[in-house]
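In what follows, structures are represented as structure tokens.
Across the two complexes that follow, subunit A remains constant while its partner is subunit B and subsequently subunit C.
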Partner chain A sequence: MDSAQQYLDQILFGVAPYLALIIFFLGTIQRYRAQAFTYSSLSSQFLENQRHFWGMVPLHYGILVVLLGHVVAFLFPRTLLAWNGHPVRLYILEITALIFGLLTLLGLLSTLTRRLAFSKIRTVTTPADLVLHLMLLVQVGSGVYLAVMHSWGSSWFAASAAPYLWSIITLDPDISYVLAMPFAVKLHIVNACITIGFFPFTRLVHVLVIPNPYLWRKPQVVRWNRDPAAGRGGS
Partner chain B sequence: MNVRSQVSMVFHLDKCIGCHTCSIACKNIWTDRKGTDYMWWNNVETKPGTGFPTRWEDQEKYKGGWEKNNGSINLKSTDKKRIVLNIFHNPHMPSMDDYYEPWTYDYQNLFNAKEGSDQPTALPISKVTGEQINVESGPNWDDDLGGSPLYAENDPNLEGLTEDQRAQLSAIERLVFFYFPRICNHCLNPACVASCPSGALYKRGEDGIVLIDQKKCRAWRSCVSACPYKKTYFNWFTGKSEKCILCFPRVETGQAPACFHSCVGRIRYLGVLLYDADRIEEVANLPTEELIEGHRSLVLDPNDPVVAEAARRNGIHDSVIESAQKSPVYKFVKEWRIALPPHIEYRTMPMLYYVPPMSPVMSVRNEKTIEHVSDNLFHDIDQARVPLKFLANLFGGGHEAKVVYALRKQKAVRWLRRALTVGDVTMDQAKRMLNEADCTEEEADAIYRLTSLCTFEERFVIPPSHREEAIEMIQDPHERRQSAGFGFLSGPRRGL
Partner chain C sequence: MERSRDNLVRRRGGAIRLLAAVVVSVGAYPHFTLGQETATFFKQNCYSCHTIGGGRLVGPDLKDVTQRKDRDWLARFMLNPQAMIDRGDPYAKQILEEARGVVMSQIAGLTRDRANLLLDLIEAESALEKSQFEGVKFSDRPFTDEDVALGHQLFTGRVALTNGGPSCISCHTVRGLSLLGGGRLALDLTKVSERIGGRKPLSAWLVSPATTTMQPVFRDHPLEAEEILPLVAYFEGAAKQVGDDDSVAPLTFFLMGLGGMVLVLGLFDVLWKNRFRAVRRPLVAGGEMRTSA
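Right, the complex of A and B next:
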């Protein structure tokens, strides 16, 4: 029993992250190469644009801030621990994180109910959309649960989860950090791997093509068929 | 001077009979796929009317086009500063309710209905959900005023008209309307292109056709809001925007676009204009009253050796310059000055021009007398059934002078023809009218010929596109022999 448990832990926390990352990179790159046409956010605002606002805006802003928090804690764990050394700053960080986590959750519930409630939106809902919604619900739900039930996550994430993630990145997985964690954390990690592995097969790929060049490109875009060097032309 | 060429268009509204043949030709070729059923890249609106999508000209609602503030122009909808805030939910985007829900009919019911006391009917079925729907609006719902003043009364172009003028439009037995066919204007300063966060929209350098790169479009939807003419449409099924492509596969092979080719009233003209790309920004910034003249000044004279030389330096082929010299559009826009851009105040510099329509002849004047001729030869223009202010809102950027000029010249040409062929008008009168309308007899004859007797070749002067040269520069044709071809190798299917 013990060895079976160990074996399972090794698979879930030592092997699954790599599987997920391999599928993520191969899947997204191959999809971009072979089916660039399918890279779209597949917006449904055109079919219904009242409820759309109340789902999309909280979901996106919420998840952006929450993800940013994860990345900061992963990249600068020491800085974060030092910041949290002051209780007031710790409270501010924790409350902010919880608020944005709740925003994400509410947004997610709103988009899911919108998808099911409007017949026009149902016709553009694929099975992949529903699976994705389910996975995100588990992910955000467990995250919010952790924020409420296991306080000071910003500190223990920096102390325990960040080293685990670094051990994954440096190809030397040390799952002992994870084994001591409560069930909700384990669920959060395993579900994260599943989501990352499922990522290339969902509309989530639109995250990879965020339009940053827009901020510095010229307003008008001109494309030439002939070699611009042949004439003065240019764009 | 940075000379570029643009395939430009003129629609002669005085000849449009509102038959919608253009719309059908376009629909059958391009937009009969799932997700595009509601799109009308070409549509014909009745004016006064609310158009398609409903009240598209109301830029307080849709925020299309550019606005001038503090010496520069900005997109009225989402520009660079606001894109981060608006990318998740586009606040000014029209939804399907502003167009209509496409539908078909359940014809099977005519055969399969259970026996009963009523005649079975083919019920309308939504082409989106497949469910039965109650049809509440459709394309051309207000065609020929749709039997109700409701649509005409809500035309945004009625702004600034007095109560009397509004009443005059719908007075019994004097009720008046005209048709306004619309396609993408393939603008010089397109708001759709400027708004696209992904840079998927672009203007083709060689012929100025504005297209959407389907592989780069990510459904951010900014173009739908930004186009003040609402001529970019969102394909709800593939999650990509689509728009009029000016039938470029036809134009490249020397054929007129389908809507032009099929036009029964022969109202459509197509030809090359050479323009100065360096001055677009400057002109788009002019005060509203100077926009039409400024827009016209962008168009260069292809017969001017300096222009032709500059064009050659820019890589424009001699055959294209030759097309520009024969362009019917150049004649209407620059030489005769009777074709005007629609809603120039949106500042997108549209390259589709309209010859404003003549109103029905006003025969009854001064309570009871019937006169065709008066001392003021142009009385029926000043007192036309369609108020000048209304036409000015559409084609003059709110200013009447350019519209009056175009109408007077058209009327002078008519009266010259009457003097020559019917004889109920004296030649003296006709000449006086020509004189007052700033038109010579030769010019009047040329207008008459290109308006009434025009052949296919005169209406459509399509430049050779020289794709063969372009392809040779990118790919060695010998190396590609027996290969499968360029572009899409898989169908444009919706993503997961």
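Right, the complex of A and C next:
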């Protein structure tokens, strides 16, 4: 049982990240070479734009801030720990991160219910979309749970997760950093690997098409030149 | 026909290359066990709770342990102490009682071979008049208020640890800390001094924290003796705290986040107040814009 557990830990935290990264890089490159025009978010704003706003805006601004936090903690763990050296600054950072984590969760729930509730959106929803939604829900849900129930994530990420991730990047994996972590932390890591591996086969590839002016461009309106008499619309 | 066969071959080639890359990466997967020497391994994983000839800390003095119990039993216990206790082994239960209920942590990276090497080391060190693992000597001067205050600052991170280790608040809390309390990844340390058995075992434990999570973090960033003393003073003081229980801190924290989220949503609504809410729908619904124009 124990050796089985050790073997499983090695697979999940030592091997899975490499498999995920290999599939990510080969998959995204291959898809870009073979089907460059599928690099799109396949926006459905065109079909419904009311609920869309309350899903897309919190989701995107939320995830961008949360991911930026992960990247900063990964690249500058010492600086982050120094910042958190004053409890007030730690609390400000953690509350800010939680706000954006909750915005991401709300955005995800909103986009998922929109996909299921509107028949037009349901029509353009693929099984991959639903699987991706589920993965992201698990990821963000476990992240928010960790933030609240296993505080203070910004500090212990810098102390334990950052060196673990560096050990992966430098091809010298040291899984001891994560072996005794609570279940939710392990779930967050394993699900991140699964999502990265699944990335090339989903609409998430739009993340790679940068520069991405959606964040600051003026709203664009798609007009349909519809002829009521003919009963069908043009493009 | 020729072209489709070429495509098929090319596609197969791509799949084979992908498979080969995966196999190579798994095959070339680096070692998981730490390539440490046995003495270093002992120092990092055992020394925080055991001495060899220096008396009891959290766990028993290991001098001549192989004469008290056979090597096979010892190796099995080292590999999974909790399992031995759960099985109702009488000697394992006796060890647990003597350790005031503190169960020895399972050691990451410990294999049967490594356990045997450790037992060899313990036997060799037991034969010496003075083992290198006799225990760290700590000052036993009485704690002052300044020690407690410095311990508090070290705990919260206001005074950074000399060797760059993360402050305790990252993962631990103690009673009466502040509104949102300390970290909740690991144990509440309010009663840690009492739990571990007092000043000496706690000081020894802090020399090289040996839990699976702390060990890799503090392996390269050990605490200094000048930091251990005030921290122990603070923990002993914390045990006497009668402040409010901060178990509501996660709820308070969550509600603050929720309130902030509502504010940001309001901000989004204001920032995009001129968003196009109903320009398209009339057009799609029946060409009202066209007729009104």
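What we mean here is this: the second predicted complex is superposed on the first by the 211 of 235 C-alpha atoms of A that agree within 3 Å, B and C clash if a C-alpha of one lies under 4 Å from a C-alpha of the other, contacts with A are read in each partner's own complex, and residues count from 1 in each chain.
To be clear about the criterion, a residue touches a chain if its C-beta (ideal position, glycine included) is under 8 Å from a C-beta of that chain, and two chains touch if they have at least 3 such contacts.
What you see is a predicted model; the values in this text were computed from it and never measured.
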| item | value |
| --- | --- |
| Touched partner set for A:49, first subunit B, second subunit C, both or neither | both |
| Touched partner set for A:197, first subunit B, second subunit C, both or neither | neither |
| Which of subunit B and subunit C A:26 touches, first, second, both or neither | second |
| Which of subunit B and subunit C A:17 touches, first, second, both or neither | neither |
| Touching partner for A:151 - first (subunit B), second (subunit C), both, neither | second |
| First (subunit B), second (subunit C), both or neither touched by A:175 | second |
| Touched partner set for A:143, first subunit B, second subunit C, both or neither | neither |
| Partner chain(s) touched by A:87 [first = subunit B, second = subunit C, both, neither] | second |
| Partner chain(s) touched by A:206 [first = subunit B, second = subunit C, both, neither] | first |
| Common interface residues of subunit A - those touching subunit B in one complex and subunit C in the other | 49, 53, 57, 61, 219, 221-224, 226-228, 233 |
| Of subunit A, residues touching subunit B in the complex | 34-49, 52-53, 56-57, 59-61, 119-120, 122-124, 126, 128-129, 201-203, 205-206, 209, 211, 213-215, 217, 219-228, 230-233, 235 |
| Touching residues (chain side subunit A, partner subunit C) in the complex | 2, 10, 14-15, 18-19, 22-23, 26, 30, 49-50, 53-54, 57-58, 61, 78, 81-82, 84-87, 90-91, 94-96, 98-103, 106, 147-153, 155-156, 158-160, 163, 171-177, 179-182, 219, 221-224, 226-228, 233 |
| For the subunit B and subunit A complex, residues of the former touching the latter | 2, 4, 80, 83, 87-90, 93, 95-96, 128-131, 189-190, 193-194, 196-199, 201-206, 214-221, 224, 234, 236-240, 313-316, 466-467, 469-470, 473, 488, 490, 492-496 |
| Complex contacts: residues of subunit C adjacent to subunit A | 14, 18, 21-22, 25-26, 29-30, 32, 34, 79-80, 83, 108-109, 156-158, 160, 164-167, 169-171, 178, 180-185, 211-213, 215-217, 250, 253-254, 256-258, 260-261, 264-265, 268, 272, 275-277, 279-280, 283-284, 286-287, 290 |
